[in-house]
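The two complexes that follow have subunit A in common; it is paired with subunit B in the first and with subunit C in the second.
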Partner chain A sequence: MLPTASDLWSIGPELWLAGLGLLVLLVDLFTAPGRKVAAGAIAVGGLLLTLIPASAMLAWDPRTAFFGSYAVDGFAVFFKILTVIATALVILAAMDSLRSRFEGEFYALLVFTALGLVLMAGSADLILLALSIEFVSLTSYVLAGFLKANPKSNEAGIKYFLFGAAASAVMFFGFSIVYGLAGSTNLYDIAVRLRTAPQPALYLSVALMLAGFGFKISMVPFHQWTPDVYEGAPTPVAAFLSVASKAAGFAALVRMLLVAIDPARVDWVLLLSILAAVTMTLGNLLALPQRNIKRMLAYSSISHAGFILIGVAAFRGDFGTPGLLIYLLGYTFTQLGAFFVAVLVGAQLRSDDIPDYAGLSRRAPVSAFLMAVFMLSLTGLPPTAVFIGKFYVLGAAIETGLLWLAVVGIINSVISLYYYVGVIRAMYVMPATSETPIPEPPALQVALGIAGLGTLIIGLYPQPIIDLAKNATLLLRL
Partner chain B sequence: MLAVAWIIPVLPFLAFWLIIFFGRRLPGEGAYVAIGAMGIDALLSIAILAQAVGGATYQANMVWAVLGDRALEIGYQIDPLTAVMLIVVTVVGSLIFIYSIGYMHGDPRYPRFFAYMSLFAASMLTLVLANNLLLLYVGWEGVGLCSYLLIGFWFERPSAARAAIKAFVTTRIGDTFMFIGILLIFFTVGTLQFDQIFEAVEAGHLAGVTLTLAALLLFGGAVGKSAQVPLHVWLPDAMEGPTPVSALIHAATMVAAGVYLVARTYLLFFGSPDHGALTVVAWIGGITALMAATIGIVQDDIKRVMAYSTISQLGYMMMGLGVLGFTAGVFHLMTHAFFKALLFLAAGSVIHAMHTNDMKEMGGLGRVMPWTYGTMLVGALALSGVPPFAGFWSKDEILLEAFHHNPPLFWVGLVGAFITAFYVFRMIFLTFSGPLRSHHAHPHESPAVMTVPLVALAVFSGLIGFVGAPWWGNPFHHFVEFEAAESVPFDLNLALLSTAVALAGIFTAAVVYYWKWLSSASLRRAARPLYALLVHKYYWDELYAFAVVTPTLWIARRLRVFDLYVIDGAVNAVGIVFVWLARLYRLFDLYVVDGLVNLIGWVTGKVGGVLRYVQTGSPQNYLLVIAFGVIVLVIGGILR
Partner chain C sequence: MGELAVFIILSAVILIPGVIVVTSGNIVRSALSLVPTFLGVTGFYIMLQAEFVAGIQVLIYAGAITVLILFVIMLTEGGSGVEVRQMNEQVPLGATAALWLAFLMLLVFLRTPWSLSPGRPPAYSAPAIGSAFLTNYALIFEVTSLVLLVALIGAIVIARREE
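Up next, the complex of A and B:
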């Protein structure tokens, strides 16, 4: 059995990404230190080109490639586009702040990670899924520990590795139980065969798998690496992990639960609802006292994971999964933007402390304004992207009878206002320690601008995104 | 070209943000950015007008949000009415922006002025381009906000701050009616798109009393925005803003938005039974025209003369629309925009030279400020309705329509025309002829950046009326028309009559203020009660103070007393009772509750300690948590 030509066409974007990663490595070899930005520029250009075949796939009928092991459907394509945009933005933002001998490798690693994330979102086979998760994990560990001279970055890399290895091991144990019950590694076959499987064994496997997925999406109680890694890793990497890696984790989780496990009638809704409630509450409460912007964003990203989990828990309604996708897209732009401002301030002021943002509205007015937009969006206030996402997942919760979960979500939104507005307060109300303007590098400005535009446009005119998300979920159920 | 018309409001909107953020760092401290945006808009508008004259129309929609099964669509359209309004806003706007460079020179908030003006332009252009009531309302409120910001631009002056609030609150009253009207239409017809509303009217889904009510509610918004009686009181006070603001917002464009609204939704008014809504529009307009003109006679502040003149001319436009003269009303809107902007800017030039608004201090300025004098004279002739200047053609048409459809209003309009000519030439003579009455002023001609826009506007004011001239078939009539209401053909006798009336007004003004055959003081004495009535502006402000402000304050004070004695008393009584209860409770508290609280505190502290302990930063513990977490999940799942 050999793969056919149409199989190769189906993984066009993936092949392109792999080639691009190699190309960036090559370019890195042949450029002098100090001119490594060229590698970054090539990476961004190549990533943007990936969008062309990827968006062409939106019009395709759902199909699988390589003997049913890899899905090319609206859902996978949605995550391809999201991942590629997020990676391109992160590289843009990193280009000015990251000056080192290994800059080219950094871009190549990011491109490879993007490839792994895309594979994760499309995997329809346990083995491919396990491989792609490991692929992503390995490159991410390196990225987190990228600043070799910085002990905090080393610590982040090591911790991430230890935690990730343990979580993956537990998850693969869960996979093996599923395989043992079903006798197949293909998700669609598993869906058919699990109908007669014993329920307790299935619970066990779901719980074990949640450890791995929970690690990727930083769900309580598998969230503990998040603040340590975000704080220690280079800020662009933290941005990348909090957005792209999390999105792919959700993609794999949703595909696994909806396609393979759900037909077996295992009731995991209550379990996930509780996890969602605990995750957002704990993340919020721990974000309240943070003074370091990266730790604050880390805890806030945990709390957002809880919100997005509402969409998973409410998957039976019409809005659950589309809501999750809309939320993820809006959150991607907003969270990236917030991290980019942190990149800017961190690079210029050598500080990640929120009190040092005082007077930013006068020292870097555009960035401060955008940061305010991002903070309001993260809180979930209209007219911003995350508001639309929250609106949809909370609506989905109410629709599927999880009213209490929606109430918890709303209370958490209110709590989160406190620490998000704290940043705005520092930027606009607190007196500045110095009045010197902060230079805003051009590439970072572009990335920030795109993030800001994305946040506002989705908030003001969400209809196209809503249609896209609805389309993507229709195709998921095959 | 029509398909990219959406870019017209976007450009000044971008300019607004740029100037707000970068201000003084931009070329010309932001002024060039604002002027550039407006200039490009003006070119686009001219191109659009050219296409619209060729018969092209355009409409684009997109769904903004879906409410249940009702879609809220937003979009824009190009038709003759929109094309004319675009020209008025962008051309007059560009000239006023240029003029502002000179007028606002040295102001401490110079960039902010251009930012607000750009925001205003963006809102006004949105309003004009909208093809639905929703987007129109967005623009409507946007221009209201900018008007507020710009009237109060010099907010250090208490009078300016007060005027800004007065304008905002007064127009809000009209806007509330308008909003109710919009809701009424939405819930009756299920859409806010103009063409769909009109279809509903033609199909009879929106008819009878509901239609009249909807039209009149919308007209409520127009009354507020266009300063018609009885909501006209804000406009004279709005003159506290910088003069370019008065010219652009409170003369040429924003205040005309009310007239535009009536024209845009004309079918609603036209379709109401017996044209009932139109009759109301006509009479409100006629009364406003006459009343404001008479007040204009006794004003000594040069800008207030202009303000009352604006109210009066807006009244003429409303009257024109009301007496089935759709084209006449819109035509007058256009010509008025040019000559009134000219008059305001010329007045601004005078104020710039004299540092005062008081005409009693002026006199003889014609010799030192020839450009200002010449251009203002053109404006005054246009306003008076002397042929061939612009105002003649449009005002004559309004009178003609009134003569045929509502004779009593024709006489009102004719008397108004006489008074108009009188007060404007009173202003001209007081300002430019005779000796200079102030002893410490050193007037000088304004710089070229101010006089060049004046000359450009003067050319427009002189010539623009010819687009409605009869001897080449009145092209404006074939461009902007309302098919159901055929316009009345030109009548030479009436034209001669209205010209004679205008000349008579000018002559009378000359008798009193130029040749001084009659002294104005003796006139004042002879007509003392009338004079008192006019000086007090028909007691409108006093009426509102008596009927609205005083009762509101009275009620507020009574409520405060009620609050102080009844509610606070009740609260205090409850308080006293509870103090006693509390003393009892304290014993319970001390021994039972505190014990519990301390227990909870102790537990929370311990939990917090444990939680902190969990986030140790030590990977060994993290891995342990994974293990425990999985075990809890498994047990929880299975035991459930």
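Up next, the complex of A and C:
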């Protein structure tokens, strides 16, 4: 069978992103050094335009394109929108701090990574899933090691590469077992063919696949790379990895488990609940002694991965999957915002240490206030975005009978207050070493403002987001 | 019976040089030991009647990849002839974990009733692969080209000269 025109319409946003990546490369070729910001501006504009076809797809009925290999459903569209917004914000934040001859390639690679993440969230075929995961991994390794003169960035790149290659290999072995059992690479065909009694090999394959997905979402015990990579990578890249890459990892994990594995009645709820509890707790405890803001945010992102995993484990209830999506969206704005303040301070003060945030409330009052909002949101205090997400996933855990998991989650939220408030204390209470105001570059300010607005609006008026997430749980199933 | 004998011989051809790859102190020897490993895998593909994949395996892996690795060693400053220690003090721990995992997998694989496909493989697989690429797997085929493009850009960015 040949692809039809409707197949092409179904991948409109993806085609647009691919074209945009090539356009950014071309613009980079024809702009003089020092004016490469133009490439970044075009990338941001193009990404925002992608939102038009992507949001038009919200009204579509769930369908597959290209003979069942690519799913276009509310779930995939939700992640398209999330990825595009996150990428645009990251490019905005990077435009002022990044000065390199290879700036254009940086923006192009970010746009291409966004394309890979979008493909990951929509893949309904094992080959396409494997391919898009490799796509994202390849560009992420390069982005993590982008600062060639900085040994820490080199370390981040090589560490991410070695861990990622090993995790991918293990995951693809898991895929091959699924293929061997089902005789098909299509997730919907696999769902039909695995409906007979669960095979022992299927459990093994789920475990192997969890290793790979666990690496992408930095789940314990596959989390060791996270602090080193976030610390060494350029700060905008660390923000991108902790948000967009993690969200797409969750999208692929949820689609795999819910569409292909769940019909085989393999019970992975207990396993995922335990992993969620361990991930939350360990991430939190390791975040407590951190002095470097990027390492602290890395450990806190591990802990948040644990919270989001609650939503996966509680998928049988009415709140599990919507909770996961709301959490991810709120976390996206909040975490990006926190990293953007780190971009600002890192670029102006050449330091990522939390004690150097002393007196930030007077040196950069707006950024300090927003940082305080982000920290309170990451803790999960109302009226902020992550509070709504935590409310939903914990509610989902209670609804599906995982009360102990909800209790672990609440205890962890309380623990996390300590290190998040530590940043606020540094900014507002500790005396400043200098009183000179920190200049806030305009593009970064816009990115920060949008992240702050997103955090507060989702927290104060969550209804549209809840409706969007409920609509997005119409995961295409057979 | 003959099939089993060939399988065992090919497995030995794959595994013994594979051990040399990860233990040898000489990096050139490690690289060259990859050749028999790749050729053994080619043998598996031929046994599975996937002659097109077997041909590609010889061309890409046994040929191009190995030569590429040798070039990288040659172009790296002081790369060739260097004795590098591939082991550290965690070898016993890692080996134990690997053996346990292998044992567990074997146990699971032997207990799983694998289903066999009723069909027969086509006499020539290359045309079937070609038409699959341009029909049912068209999207995957196109995404592959994009992956190669970003890998190229990434390689240039990594190999750049820092100003």
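By our rule, the second predicted complex is superposed on the first by the 472 of 478 C-alpha atoms of A that agree within 3 Å, B and C clash if a C-alpha of one lies under 4 Å from a C-alpha of the other, contacts with A are read in each partner's own complex, and residues count from 1 in each chain.
The criterion applied here is as follows: a contact is a pair of C-beta atoms (placed from the backbone, for glycine too) under 8 Å apart; a residue touches a chain by one contact, two chains touch by 3 or more.
All values derive from a computational prediction rather than experimental measurement.
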More subunit A residues in contact - subunit B or subunit C: C
Which superposed partner A:Ala211 touches (first subunit B, second subunit C, both, neither): first
Subunit B versus subunit C as contact partner of A:Ile158, first or second or both or neither: first
Partner chain(s) touched by A:Leu271 [first = subunit B, second = subunit C, both, neither]: first
Subunit B versus subunit C as contact partner of A:Phe391, first or second or both or neither: neither
Which of subunit B and subunit C A:Pro200 touches, first, second, both or neither: both
First (subunit B), second (subunit C), both or neither touched by A:Gln463: first
Touching partner for A:Trp60 - first (subunit B), second (subunit C), both, neither: neither
Partner chain in contact with A:Gly183 - subunit B first, subunit C second, else both or neither: second
First, second, both or neither for A:Pro221, with subunit B first and subunit C second: first
Residues of subunit A at both interfaces, subunit B in one complex, subunit C in the other: 200, 203-204
Complex contacts: residues of subunit A adjacent to subunit C: 1-3, 7, 11, 18, 25, 65-67, 69-70, 101-102, 105-106, 108-109, 112, 115-116, 119, 125, 127-128, 131-132, 134-135, 138-139, 141-142, 145-146, 148-149, 157, 180-181, 183, 199-201, 203-204
Contact set on subunit B toward subunit A in their complex: 21-22, 62-66, 614-615, 617, 619, 622-623, 625-626, 628-630, 632-634, 636-638, 640
Touching residues (chain side subunit C, partner subunit A) in the complex: 104-105, 108-109, 111-115, 117, 134-140, 143-144, 146-147, 149-151, 153-154, 156-158, 160, 162-163
Complex interface listing, subunit A residues touching subunit B: 158-159, 162-163, 166-167, 170, 200, 203-204, 206-208, 210-211, 214-215, 221-222, 224-225, 227-228, 268, 270-271, 286, 365-366, 369, 461-463
